[in-house]
Amino acid sequence: MPAFMPLSELIARHVPDGSSVALEGFTHLIPFAAGHELIRQRRRELHLIRMTPDLVYDQLIGMGAARRLTFSWGGNPGVGSLHRLRDAVEHSWPRPLELDEHSHAGMAAAWRAGAARLPFGMLRGYAGTDLPAHNPRIRSVRCPYTGEELATVPALNPDVTILHAQRADRAGNVAITGIIGAQREAALAAATLLVTVEELVEELPPAMNGVLLPHFTVTAIAHCPGGAWPSYAQGLYARDNDFYQRWDPIARERASFTAWMERHVLGTTDHQGFLASLRAEHA
Amino acid sequence: MSDCSRDELMTVAAARLLWDGCVCFVGIGLPGTACNLARLTHAPRLVLIYESGTIGARPAVLPLSIGDGELAATATCVVPLPDIFSDYLQAGRVDVGFLGAAQIDRHGHLNTTVIGPYDHPQVRLPGAGGAPEIAAHARQLFVVMKATPRSFVPALDFHTSAGSPRAVITDFGILRPQPGSGELALAALFPGATVAEARAAVGWPLLVPDTMETVPLPSSHELRTLRELQARTAEAHRRPVALPVQE
Amino acid sequence: MPAFMPLSELIARHVPDGSSVALEGFTHLIPFAAGHELIRQRRRELHLIRMTPDLVYDQLIGMGAARRLTFSWGGNPGVGSLHRLRDAVEHSWPRPLELDEHSHAGMAAAWRAGAARLPFGMLRGYAGTDLPAHNPRIRSVRCPYTGEELATVPALNPDVTILHAQRADRAGNVAITGIIGAQREAALAAATLLVTVEELVEELPPAMNGVLLPHFTVTAIAHCPGGAWPSYAQGLYARDNDFYQRWDPIARERASFTAWMERHVLGTTDHQGFLASLRAEHA
Amino acid sequence: MSDCSRDELMTVAAARLLWDGCVCFVGIGLPGTACNLARLTHAPRLVLIYESGTIGARPAVLPLSIGDGELAATATCVVPLPDIFSDYLQAGRVDVGFLGAAQIDRHGHLNTTVIGPYDHPQVRLPGAGGAPEIAAHARQLFVVMKATPRSFVPALDFHTSAGSPRAVITDFGILRPQPGSGELALAALFPGATVAEARAAVGWPLLVPDTMETVPLPSSHELRTLRELQARTAEAHRRPVALPVQE
């Protein structure tokens, strides 16, 4: 049964420097509060894994927390670049960043293999792209029936996966509704699964065919309302598309980025403080 | 409709490529506007698949990302992302893939990865996302992107996807592959656009046929639908989000 | 968009003699009515595919419809043998039956590969079993990263998959609730997908994370209330465990089996007739 | 409790092997009774996984199949069957696998496939089902089956699964593997059972230690819970099913 603890303790106990960490969630339920707590606790040398790095990885990378990035699309969706990711790749600021780069289909196959504890995933993919020339981890296997060559990717099995979810019950079962991306696979692929949730309930209703992570797959849970903002929680609050657009000028320059992070993340002690700090600025 | 912009002409021309009932994998950016315009005009039964896992979404406003809650709430169903790539795209269930890109070459190959060398990029772009497998597995591929000599290039800095688009919709008109060689050639111009303009915007010697179609202007219904969609969208993306958190 | 038609027409049009056919559904939603219609229309030389043959395949095999069986567990769950399957394998009655035999895990991997249109599936499986010695289709592949040997199975891609489901809407979307086994994979692996449904509705509610087969994956639909009996439809009617137990003596002898099939299946023109015939016997 | 049957002794002894909170993959047949008895007595938080895809089911009556609707309705969640085998069993998330079989050999390997040659069987059995991978991937394996010289055999007709069970519960008592050789040896007898009986029921020369445990009799709570469960189950499996079909 998972342990229940505050987010600060969850990160302090379970995510040491140097960990491979996946904060998954495809646009939806991105665990921003957990990412900010990694920054507050000054984590270093992380191997960050995520299909779509999004703003939360822009922030972690810009604050120097990451050594390596496994990903398949690193932009601000519908807005443009992740400027901190670009600055790290183009100018090694604040430190160099190794890239382990895939297509979505490749990374999805790698997550699935990880969840199944198979050593690799396969797909008909990467044909005609230069990615395999730059990523020696993209290889191939021959079908023992047809002789066809199929692309392969090594399984993803991070030390820690962190998800945000709508709710958990007292037994530690975690329920998710809405777009799930590769959250389920990332959860089951990890050695340690940490979850922040919007709501704690006594007992979840039977999920039937809905998405549920049974308690024995979960290591620890922190109650963290609003923990996905500026991403969203289906049924509870919408994506803050206005903030996603406002992030572009904030992150464009090192100085404005650093000032924002110092004021709102490092200058606050927890996620409620972070949200209050943003409200104060906006008021 | 002589007051419509090139952006609007592009979007309407792109939308017209889709047919009612077709299953369309919607790439990030410009394609989303065109696909939803088609759904709201001549193709009400168009099935939109977003890589986030939504099938059959009918959003009232354009999503900013390709995973906004509006997509999940209006979708026929929401499936895990790995299923989208394996059981729908790779399995050949997608009629049309619709992509944008930063660079395209004369064969329609796309670059969304880097400008400059991969290890020392001048500009690091977002990367592949779904593009390589959309280009490979959709039954046909359309591309929509604005043309400049820096985007329509003789040689890509990086091959992200190796599709053979049936049409490239750009801001002077439409390119289509030549039979045989597959080289993209000018196929149609927007009203007001010229061959000289097209040649200037493309970074390789553009093939131009003797006769040239002109893309019909948007109808008032198309244009009004597009503008209303974009107005609703802009309003929605500025709307403050109320968190379920105590003040 | 799928076509809507009576079950008799659905079978007549889409399932010729010699087809490879999967009637999937793990205990739940087994398409019995469709199986009976295959018998009424005297299909022959079918390659039947199903993880758990169950009573419906016992009936098809006993009536001589099948040339080959791909399966992983062929019993009457909780009761005992499938006597007609046994008679076919042990005594070639009414005709010989080729076996393509797997474990559940192997067949699940084969279904998944089929749905993804990959040529093979892989698993850590079949270790220490004699199955590969008797099934040359179970092979292996070497991991290009670790060198580990993994078992492989060829993808399953039947000509026709037939499912039973709770409901479909007028657009042809099909919704399923409850135990789904490998139904989703079997549906997406087939060249032709036929579905019988308990209910037709104007429009299904958004499924969100529930199980739904989108209309463009479905070839044709027949409205067939009670079409899973004696299997069940979650939320509509329960599994007829009493009948599953009563099947054992019916199927044990060739004569009693043949008499039952002639009276209730061949002697009726459709599924409503079949159910009425059973009710009459039981009254 | 001297009036309890050997079947009841077996089931209770099997149930006692499970601990509260453990994740148990329930094989078809006898194991289901034992697992649910454990859940209803000393292990209320036992997590039952059935290969049909139900996780955490809490059935009030025993399912006849392993996919009765009762399992889905009372489960924490229902997942696709391929996920059960890949992401739960193969991934090492199952503490205990609980199987029955038609034949077992002295190393605990199981046959549920055929009696006689595979191509010309005397008795065609149901086959492997989940057994090979349950035996391979569950952290520990228990087997429950009645003993006769035809079921406890020196050599299997067919190797269906190659597990190394930690315990085999049978109708005279419990066998456990010897350290080193792994050969199954008598470890405990039921009250009233004898070494001679055990030797007669096993088709190989059974190893018998100098000292022998006796399995404690079922408590009145265990026995009452089991009998009530079986009575409820028998009643439910005879209950007529009402189809939602017009008469």
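Letters are used for the chains, namely A, B, C and D, taken in the order the chains are written, and counting of residues starts over at 1 for each.
The rule is simple: contacts are C-beta pairs under 8 Å (C-beta built on N, C-alpha and C of every residue); 3 or more make two chains touch, one makes a residue touch a chain.
Just so you know, these numbers come straight off a predicted model, no measurement behind them.
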| item | value |
| --- | --- |
| Between the pairs B-C and C-D, the one where more C-beta pairs touch | C-D |
| Distance between chain centroids, defined by C-alpha means - chain B, chain D (Å) | 57 |
| Inter-centroid spacing, chain D versus chain A (mean Cα positions, whole Å) | 41 |
| Gap in Å, rounded to a whole number, between the CA centres of chain D and chain C | 27 |
| Shared-contact residues (touching 2 or more other chains) in chain D | 72-73, 78, 86, 90 |
| Residue numbers of chain A (touch at least two other chains) | 117-118, 123-124, 178, 180, 185, 208-211 |
| Inter-chain touch pairs (all) | A-B, A-C, A-D, B-C, C-D |
| Partner chain A, residues of chain D touching it in the complex | 21, 23, 45, 47, 55-56, 72-78, 86-87, 90-93 |
| Footprint of chain C on chain D - complex, ascending | 28-29, 51-54, 63-69, 71-73, 78, 80-82, 85-86, 89-90, 109, 113, 118-119, 121-133, 135-137, 158-162, 236-245, 247 |
| Interface residues, chain A side, partner chain D - complex | 1, 115-118, 171, 173, 185, 188, 204, 206-212, 214, 216-217 |
| In the complex, chain C residues that touch chain D | 26-28, 51-52, 71-75, 77-79, 81-82, 85-86, 89-90, 101-105, 108-109, 111-112, 123-131, 134, 178-182, 184-185, 198, 225-226, 229-230, 232, 234, 236-245, 272, 275, 279 |
| Chain A residues touching chain C - in the complex, by the definition given at the top | 117-120, 122-124, 137, 139-146, 148, 150, 152, 154, 176-178, 180, 208-211 |
